[in-house]
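Got some structures for you, see below.
Consider the two complexes below, in which chain A is the common component and chain B and chain C are the respective partners.
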Partner chain A sequence: MTATLERGLNALREQIDAPVASFFTTCVSCGLCAEACIFYKETGEEKFTPIHKLDLMRRLWANEYTLLGKVKSLLGLGEKITDADLAEWETLVYDSCTMCGRCTLVCPVGNDITLMIRKMREGMSAAGHAPKELVGAAERHSDYGSPMGDLHKALKAQIAHAEKETGIPIELDREGADYMALLSAQEIAEYPGVLAAMSRIFRKAGITWTISTEGFEATNVGVQLGNRDVARTLVSRVVAAAEKLKVKGVISPECGHAYQALRWEGPNLIGKTYDFEVVHIIELLDRLRAEGKLKTKGKDDTRLTFHDPCQINRRGGINREPRNLLGLVAENFVETEDAGTMNWCCGGGGGVGANERAADLRFKAFNRKKRQFEAVGAEKVVTMCAYCHHTLEEQLEEHGMEELEVEGLTELLAEYLDDED
Partner chain B sequence: MTNPNFDLLMWARTTGFDIALAIMVGGILLRVVEIVVLGRKKDLARPKGNPVAQGLKTIFTRSLPRKGMVKEAPVTYVGGYLFHIGFAVAFLFLGAHIALITDLTGLGWPEANKALIETAAAVAVVALIALAWTRFSNPVRRMLTTFDDWLVWTLSILPLVTGYIAVNKLFGDGTLMMAIHMLSAEALMVAFPFTKLMHAVTFAMARYYNGSIQGRKGAES
Partner chain C sequence: MTERPLLPELLRANGISRRGFMKYCAALTSALALPPALAPKIAWALENAARPSVIWLSFQECTGCTESITRSAAPTIEDLIFNAVSLDYHHTLMAASGTAAEEARLAAMEANYGKYLLVVDGSIPVDNPAYSCIAGISNLEMLKETAAGAAAIVAVGTCAAFGGIPHANPNPTGAVAVGDIITDKPIINVPGCPPIPIVMTSVLAHYLTFGLPDLDELGRPKAFYGETIHDRCYRRPFYDKGLFAEGFDDEGARAGWCLYKLGCKGPTTKSVCATVKWNDGTSFPIQSGHPCLGCTEPNFWDNGGFYKPLSTPAGDYRRVGLAAAAAGAALGVAGGLMGRANKARAARAHEAVDAHDLEKKS
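The block that comes next holds the complex of A and B.
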C-alpha cells in the first residue's frame, strides 16, 4: 500500500461515524437517488448514480466497521481498495457531483448522500486524487487570501468605485460596527456592483457595517476540495477578523458554499460556537423588509424567474426569503418547475465549475435549466449566489441564450430602493 | 404410523424458531450497537430550526415520495409500496402469526379474513417479481445489484410462496409444506441482521439523522 493511499484511507476512516454507518446499513440499492441527480438525468450514464459515487467509502465501512466485514477481511475475502480505484472514482466524486443535495431529499430510507460525498472528498484529497484546479485554488487561498490570489488591491479599487457611485463612504476595519460584510472573490472580480447596492440599502436601513482588510473573502475551497485543514484556516481568518472588530454579526455574501462553510461547517471546523451571528445577505435583507426598513418604489416588469442556489436553499434553508423580496420588486415573477427546495443545480457548484475536465459534463447538465427557463419564457434570471450567477451566464452563452439576463438579488433590490430622504 | 415430516415441523416450531429468533434479536442489537458506538460529534453551529423535532418527523414523512418522483421510477415506487404493504398484511394479520406473536409478547389483535391475507400475499409476490425485473432491465439498478440483493429477494419471497402453498395445501405433504414455510421464515430471520434486511430497523436511524441535519439549518427534509 502506498503512503498516499494509506493517508487517504486514514482520512476516510476519520469521517466514518454513526450517521454514515446507518446510511450504508440502510441502503437498499433502489437507485432512486439517480433520478434526482442532474448528471445522471442529463446523460443517462448509470455510473453517475449518487450512491455509486460512494462505493469506496462503503467498502471501507463494510470491511472495517461491520462484524461480517471484519470476518471476511480476516479470511481475505474483503473488497480491497486500491490506488487505481481512487483514481477511477476521482471523476465521479469531483466532476459529476456538485453536492447539490437533491439525492439526499429523495432517498426513501433517508440517506444523506451529499454529506457522505463531502466526507469522501476528505479521503480523496488526502490520497492525492483531487482536481488540480481545486488544489491550486486551495494553495492560492491559503497563501494569498482568495482562490484568485491577492484581492486586496482589487477590493480597494472596487470600494473606491462604489463610494464614487453612491457618494457614501465605506469604512474599512471599523470596530464596533453592527455587521462585518464578506464578499466572494467572484463578486470582487466580476460583480462588484453588490458593494454599491449594500452601501445604499444599509445606509437607508440605518445599519452600520464595515469590511475587514484581514478577512473579507468568504469562499472556502477547503469544503469543495475536502480538506478540513484548509477549510479551518479560511474560516479562522473570518472569525478572527470579526472578533477583532467586535461586530455583532457577519454577513455571508451571495455565495452558496461560502454560506455553508461559514454558517454551518465553520463552528465545527474551529471547534467553538461563534460569539457573533452569521446571516446570509438575503436573510438580512428580508429581515429589514419585515421590519419596514427596506422600502422600494417601482417594479421590474420583465418576465423574471429565480434560480435557487443549492447550498443556500436546499442545504441552507433559505427558501421563503428571496421570494418575499422578489415580491417587492418583480412585477412579472414566474417560477420554473421544481423551483424552491427541489430546484435543479446550475452545474457549477461543489468545485465542478472550476474543474476544466468537467466542462463537457457541465454543459450537458445545464440542458435541464435551459429547458426550464425556456418553458417559462424567462427574460431575466435572478439568483443569490455569485458563482451560480457566473455559471448561468457562462452556460447561457454556451447554449446560445445570451439574451437571457442574469442578475443578483441584492443588486436588483437596490435598483428599486426608495432611498430618497 | 406418524408422518416423518412431523418431527421436522416440530423442530422448526420449537428449537429452530428459538435459534432463529435468538440470532435475529442478538444480531440486530449487535448491528445497532455497531452503528451507535461510532458516535457523532456535537454540532456547534447555532441551530436555526429544531433538529430533534425534524429528525423525528422525517422518520415518518420520508415514507411518502417527493413530488414528481413516482413518475421517474414508477415500478420501483409502486412495487416497493405494494410489497411492503402486502408483506405486512400477510405477516401481521394471519391468525397463526398473531398467535405466535401473542405467545412471544402477550400482544394480540384481530385477524383478517383469508381472502384479504391471500390477496396481500399475492400482491407482495407480484410486486417482488416486478422489482426483480427492474433489477435486470434498469441499468442503474442492474449496476447497484449485488448478491445480497438477490439473497434478500429470495428470502423475502419464499415465506410468501410457501405460506400460500401450505395454507391452501396446493401440493405435496401438508406437514412438510408447513415445515418448509417455517424454515423459510427462519432463514429470513437468521439473515436479517447481516443483510440489507437490516434496513427495516435502521431506516429510522438514517431518516432521523437526515432530518436532524437538515432541521438544524431550517431546511426541508
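The block that comes next holds the complex of A and C.
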C-alpha cells in the first residue's frame, strides 16, 4: 500500500468531530496562540502562528462539514486541497510544532490547538507527507521493537552493567512483580545510568520490579507521526506484555511522549481501560517520598534549575512531584521564568528533534531556554525526560554552553539515596 | 380675492401692534434658523408678497391639525396669516357649503393655476376610493386634480405626510400619504399629530419669502425636524445620570426623572416640541409627565407600544424568534447528521496501515 493524497484527505475527514468543528467555529483570530508559540516568538515569522498550521484541516472542514462550504463546493467555489498544499504545510505541522501545548493553554476560547495538530498529522502521514526520519523510526520500531532498531542485546548489556555496578540483580520477565518498568530507546542508548538508579531506589523501598523482553520500549513514534494505526500497534505491545506478567503497575520512564502515548492516548487507541496502573517514574518516586520509603542524605550544592518536559508537566499534570523531590536533594534550587505549567519547550519534542530539516529552527527556538538559564545563572539543569535531556545537551553544545551540566532527576536522587542498611 | 384687506390692516383691526408683528417675524426667523437680519424680509414678504392662493384639502383626518392652528381662544397671528394668504378653500373654515364650496375651489384653481399652494391634511384611501369622498369626488381624484395645478404641496400632519393613524396596522382603507401618490410636485412634509402651529406657519412664511425650505430625507423642513426631542429635553440630564421613572406614580416620576423606561420615543423622534412647546410655550407632553409618542415619525402607531421602552423589540418577535430558533435547530441537526455521515463514510474508507504504508511508492 502507498500513501496518497486521497488517503490523507480521508484520514483528515475521519478526524473531524464535534470538538474540532466547535474549535474552528469559535476561533476569533486573536493571535494569542502565536504569542505562546516558541517558534513564532523566536523567529517572528507569522506562518508559525499555531492556528495557521491547521489551515488545511480548517479548509477541509469548511468545504465538507459546513452548510455554506458544501454549497460553495457544489458550485465549484470551495478551495480544494492539493498535494502541493500538503507539501507546503508539512514543514509547519512537523518542523515548527513540538506539540508542547502552550497554545492550547492560552487560547481564550478554549480551543485545543495541540489536539488538532495531532489530528492533522494523521492526514499528513497518510498522504505521505511525514518527515522521512519519523517514517524510518516507525518502520524500525514496528519491525525490530525500537525506533533505533533491535535493542534487545543493548538492553541486556546495560542490565548486566547495572547489576555489576549495584550488585542487585534485575530480573527480566518476572511474573507478578509490583511494577513493569519501560525504558526509552534514548535511555538504553545514551543514559543507561537510570537502570542502576531505579534498581537501588526500588530495592530500598521494597518494591519488586521487572522488565519485559517483549515490551520494554516506551516510546511511540506513531503518536509523533500522527498515525493511530501505528500508535495502536506499538502501545498494544506494552499492554500485552504487562497483562502477560500480571503486574500491578507499569512505570512510564523519563520520556515525554511515551507518557502521553501510554497514559493518555493508549486506552483510546486500544478502545479499553487498562487493568494495571500507569505511573510516571517521578510520580512513583514522589509517592515513595511521601510514604517515607525514599530517604536521602546530603545535598547537591550547585546552582540547579529544572526543565519541565511539556508532555509530562503541562500535558501530563506532573508539576509538584519533581519539585518535592528536588527539595530533598538540591541545596541551591532556582526556578527559571515561566517554570512549571507554562514552561517553554526545549525544541526537540513532537518529533522535531529527529527531523534533520528542522535543525536550524530548533537552534533558534532554543534561544529562549538559553536566555532563561543564563538569567538565573544555572550551573546544572535537571529534567525528567530523556529526550529533553538529549536535546538540552545538544543545544547547549551548539550554543557554546557545554559547561552547563544536564542530569536526569532519577539519577540525581539515586546519587543522594540513603541506602545503608 | 384682491378685495381682501392686506395683513397690516388686519393686524391693526385686531389690536396687534407693528412692534408685536415684527417680534413675531423675528420669532419665525429664529424658528427657521435663519440669520436675524432676515426678519424684516419675512415681515415684508408677509405684508406685501404675492399672497398666493392656498387651497386646503382635508381627507382621512380628524381635523386635529386645523384645530391646532385655530385652537386659541383669541385670534392668533397664525390665524391672521392664514387669512392673509388667501385661504380660498378649507372645508372646516369656509363659510360656503355644498356646490358653492366646490365652485370656490375650482374658481381658485382656475384663477391661480400653476401658482397656488396646496395644503393637505389626512391620508388618502386607495383600496377603495369610495371610503372617503367629498361632494361625490373621491379623495384620490380630488388630490390628483388639485395637485396638477399646484406650485407646491404642504402635507400637514402625520396622516398626510406618512399615512398616520389611518395607515396603521391593519390599515383597512389602504391609506397612503400624499407623497405616495403625487411624485411630480415639490412636497413639504410637516408631520405631527398634530404639528405645532408655529411650525406650520413658519413653513408657509418660508415658502412665501424664500421658496422651499431645506428638507431632510423624509421631506421634513430641517429647521424643525433636525434634532431629536431627546437632545433638547429638559429631562435629559436624568437620562445621562441613569435616573429613570419606572412607573407613573413612583418616586422617579414625582422627581421628574427621565421617562425612557416608560416608553418615551424622544430619542428617535425629531421635532421642536421640547423647545417651542405647545399652547404658547406652556408645556409639552414630557413636561406634563407623559412619554413622547413619536408622532412626527413614520409608523409611530405601529412601533411596538407607546409604553414599551425603545430598547424592547417591537413587533411579534417572540413567534418569529421561536420559528427562527426551530429552523436553526433543524438546520443544525441536518448539518450535524450530514457531517456525521461524512465522517462515517471516511471511517469506512479507512484502511488500517502499518509503518511501511506511510511513504509514497511510485
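Worth a mention:
In this section, the second predicted complex is superposed on the first by the 418 of 421 C-alpha atoms of A that agree within 3 Å, B and C clash if a C-alpha of one lies under 4 Å from a C-alpha of the other, contacts with A are read in each partner's own complex, and residues count from 1 in each chain.
Convention: a contact is a pair of C-beta atoms (placed from the backbone, for glycine too) under 8 Å apart; a residue touches a chain by one contact, two chains touch by 3 or more.
Predicted model, so just to flag it, every value in this text is computed and none were measured.
With chain A as the common reference for superposition, the partners chain B and chain C occupy clashing space. In the superposition on chain A, A:227 contacts chain C only, with no contact to chain B.
Shared-chain residue A:4: touches chain C; no touch with chain B.
Counting residues of chain A touched by each partner, chain B versus chain C, the larger count belongs to B.
Using the contact criterion defined above for the overlaid structures, shared-chain residue A:66 touches chain B and also reaches chain C.
Applying the stated contact rule after C-alpha superposition, one finds that A:14 touches chain C and leaves chain B untouched. Of the two partner chains placed by superposition, only chain C is touched by A:142; chain B is not. The superposed model puts chain B in the path of chain C at one of 2-10, 38-46, 110-118 or 308-316, which is 308-316. Once both structures are placed on chain A, chain A residues 16-17, 21, 65-67 are touched by chain B and, in the other complex, by chain C.
Listing the residues of chain A that touch chain B in their complex gives 16-23, 25-32, 34-36, 40, 46-47, 49, 51-52, 65-68, 104-112, 115, 263-268, 271-274, 277, 313-319, 338, 341-342. Taken together, the chain B residues at the contact with chain A in this complex read 30-31, 34-41, 43-46, 48-49, 58-59, 62-63, 65-69, 72-73, 76-77, 80, 138-146, 149, 194, 196, 198-199, 202-203, 205-211, 213-214, 216-221.
In the complex of the two chains, the chain A residues touching chain C come out as 1-4, 7, 10-11, 13-14, 16-17, 21, 64-67, 70, 125-126, 128, 130, 132, 135, 138-139, 141-143, 221-222, 225, 227, 229-230, 233. Chain contact summary for the complex, chain C toward chain A: residues 331, 335, 338-339, 342-343, 345-347, 349-362.
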